[in-house]
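So the structure is just underneath, and the comments pick up after that.
Labels run A, B, C, D, E and F following the written order; every chain starts at residue 1.
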Amino acid sequence: MSPLAAALAALPPPLPFVFIAGMTDSDSTLDEFRQFRERMNKVIFNAGNLTINRFFALDGRAYEAGTLGVKTKEMLGLVSSMVLRCDDCVTYHVIRCKEAGATDEELMEVFAVGLVVGGSIVIPHLRRAVARLEEMKGMK
Amino acid sequence: MSPLAAALAALPPPLPFVFIAGMTDSDSTLDEFRQFRERMNKVIFNAGNLTINRFFALDGRAYEAGTLGVKTKEMLGLVSSMVLRCDDCVTYHVIRCKEAGATDEELMEVFAVGLVVGGSIVIPHLRRAVARLEEMKGMK
Amino acid sequence: MSPLAAALAALPPPLPFVFIAGMTDSDSTLDEFRQFRERMNKVIFNAGNLTINRFFALDGRAYEAGTLGVKTKEMLGLVSSMVLRCDDCVTYHVIRCKEAGATDEELMEVFAVGLVVGGSIVIPHLRRAVARLEEMKGMK
Amino acid sequence: MSPLAAALAALPPPLPFVFIAGMTDSDSTLDEFRQFRERMNKVIFNAGNLTINRFFALDGRAYEAGTLGVKTKEMLGLVSSMVLRCDDCVTYHVIRCKEAGATDEELMEVFAVGLVVGGSIVIPHLRRAVARLEEMKGMK
Amino acid sequence: MSPLAAALAALPPPLPFVFIAGMTDSDSTLDEFRQFRERMNKVIFNAGNLTINRFFALDGRAYEAGTLGVKTKEMLGLVSSMVLRCDDCVTYHVIRCKEAGATDEELMEVFAVGLVVGGSIVIPHLRRAVARLEEMKGMK
Amino acid sequence: MSPLAAALAALPPPLPFVFIAGMTDSDSTLDEFRQFRERMNKVIFNAGNLTINRFFALDGRAYEAGTLGVKTKEMLGLVSSMVLRCDDCVTYHVIRCKEAGATDEELMEVFAVGLVVGGSIVIPHLRRAVARLEEMKGMK
């Protein structure tokens, strides 16, 4: 558990929102990332905007196996997230790629294409992606 | 007050800058966001670069009522910030939209357009925008 | 009719595809833009990819009246297209904004927000957007 | 041959550069695209900037077979080009994907991921990508 | 004069707008680029939107000599335009850099930084930038 | 030392990775930024992907003195990072610019070009860049 998570855990419920607001992006552990993601997805879903809810459903289906398998599609999602430089998206697709059986070596080749296409501006996101990979290994 | 803010408050003045540097983006409470924003705007203004100072003045005026009202212009600023994926800008325009009388339902419709135009890469920023909305409710 | 369209019209059918490929973006008249758009949308639809077809349906619905009216939503789509610098998208939303009753003065205010948010990099797209507005007037 | 290419072919050598400048992006046939590409690559190479020349060499190697095969890597390059909305890059990788054995159905699935990740702003580039696919079929 | 410009010149005044709309971006000669630019800037200025007009004034002043000279500032504008992949902006700053005395070798070094920072996605814009340089030489 | 760094320093080795994952971007002190950067660069290098390692080597060389000096090239890298809105890249090039002898006034002029080119969306990154400059002064 991170110091921040520990501090949060020690607080009496209900958890004040200001703390949870910080649980985003490159600053949180994978567990905190997942919690924030799930919590906010629920809030968004409950807001009941039909367009947004349909988009989320469509997003979920875009990576289902078709002519291309799940692993390939998740690697496509990963490289897209990398060149568009979205840390949260990269984290999400790294997790999914690993679940779909991608090896570290394969992921490095995905990152290599993203780096050449997107340039040095991609490097900080590459560092954080590799940090997430390391973090995942530490959790096993 | 957040744990970080509390730690800062306990420090003897003058506050070392390295701590304040961390008070940015998705990681800070709205109060910390405002303090960092105001402090740095002052430092930038005092640097005396004419182009930068004129840009800031122009930026302030771009959302004044014209043929379109303030609320509409702020929603235009919000959706632009969303598709360009700038959390700080989104936070700023969410605050301004609320001040101009936008309802949560209207903001969700702004987000819906931003999501369809900008794609799933916008989702993490949507989560953080909705988190800011929640945070604002908690402050009332 | 443009010289290119005239040259095409003088050709015996079937029209070779290579010519039609050129009918895109900033280079074509509004009529050519519409023809290319409709023709390719049909080809894409017929390809039968479920995710793509659902996205197109969702895109069509995102601008329907809700709490915000069609004109406001189209202006949101327009400013998003402007800051993301997509000429075809700008052309499309300029047409839709005019159909929804937006005045030239209102569109200039939308462009003004887009310009300040997106910077001088937006200027060439602003020029082309205004050129489309002029073209539409010439067609009445 | 396109009317523009025919007009060029009728001109006495040396071909004035101003005409060739137009042979770019979405406006040219695949043949013109290739000619412009090869001609300018040669000019760039001859300029002798070491960083640029090394980058071009690295770019060429990034898609060579490794743990992932050429087809997968080219699809990664294609989806990256799609979400970054670069028509020339899309055209290039569509050609390479077809050479590596990708089917139309597979390419549509690559486009589907790009569309969901990148949003409706990607649609005009999707239309042009599919137009290139059609053009390639017409050339067989 | 390009074939398109010749076709336009043969038309009776007033020149229909739809033709001029095509005179943009990578498809036009430098003369056509300048004419379209000047014509549309005038239309935009006459629309009388204060924010837009002030932005244009600010844009003009941003490259005036300060602590850094005009040539350095124009090179900064050029590399920014390159990594943001705006052909018209690149063309504009290439012209201004040459006027400010930048050599071809210096421009290639600017392009090299832009290429490494922005990645292979920048290459088509690099080709067009070098094409503009060639075109300028042919005009002397 | 920041509170987070102090908390980390008090932990028994080996340092759990989850904590280090947080040491990125706008949230860390310059020292933490450097440590994370160096640590992850080593992990990436050791992964042995040839394309990635060559890109890193090329990136290092792109800013070496040529016809343009190091200071000018670093300012080109800085303005590119600013308009592409990459905080880590901005931090890196601010450090390098200062090492190459750039004055604060020169850096503000670089920022001014970046701001006008990239628009108000650049402002949060400008604030963080100036915060880094302040932090560097506090370290002397």
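Annotations
Criterion: a residue touches a chain if its C-beta (ideal position, glycine included) is under 8 Å from a C-beta of that chain, and two chains touch if they have at least 3 such contacts.
It should be emphasised that the depicted structure is a prediction, and the values quoted were computed from it without experimental measurement.
Looking at subunit C and subunit E, the chains that touch each of them are A, B, D, F. More C-beta pairs touch across one of A-C and C-D than the other; that pair is C-D. More than half of the residue-numbered contact pairs at A-F reappear in one of the options C-E, C-F or B-E, namely C-E. Between subunit A and subunit B, the centres computed from C-alpha atoms are 23 Å apart. Subunit A and subunit D have CA centres that are 30 Å apart. Each of the following residues of subunit E touches two or more other chains: 27, 51, 55, 58-59, 62, 80-81, 83-84, 89, 105, 109, 112, 115-118, 120-121. Viewed as a contact network, the protein chains are fully connected, with every chain touching every other. By the touch rule above, subunit E contacts subunit F in their complex via residues 58-59, 62-63, 66-68, 72-73, 75-77, 79-84, 89, 103, 105-106, 109-110, 112-114, 116-118.
The touching residues of subunit F, when paired with subunit B in their complex, are 2-3, 25-30, 85, 104-105, 108-109, 111-113, 115-116, 120-121, 123-124, 126-128, 130-132, 134-135, 138.
Residues of subunit D touching subunit F in their complex: 50-51, 54-55, 58, 61-62. Residues of subunit B touching subunit D in their complex: 83, 115-122.
Chain contact summary for the complex, subunit B toward subunit F: residues 4, 7, 16-22, 24-25, 27, 36-37, 40-41, 43-44, 47, 49, 51-52, 55-56, 59, 62, 80-81, 84, 86-89.
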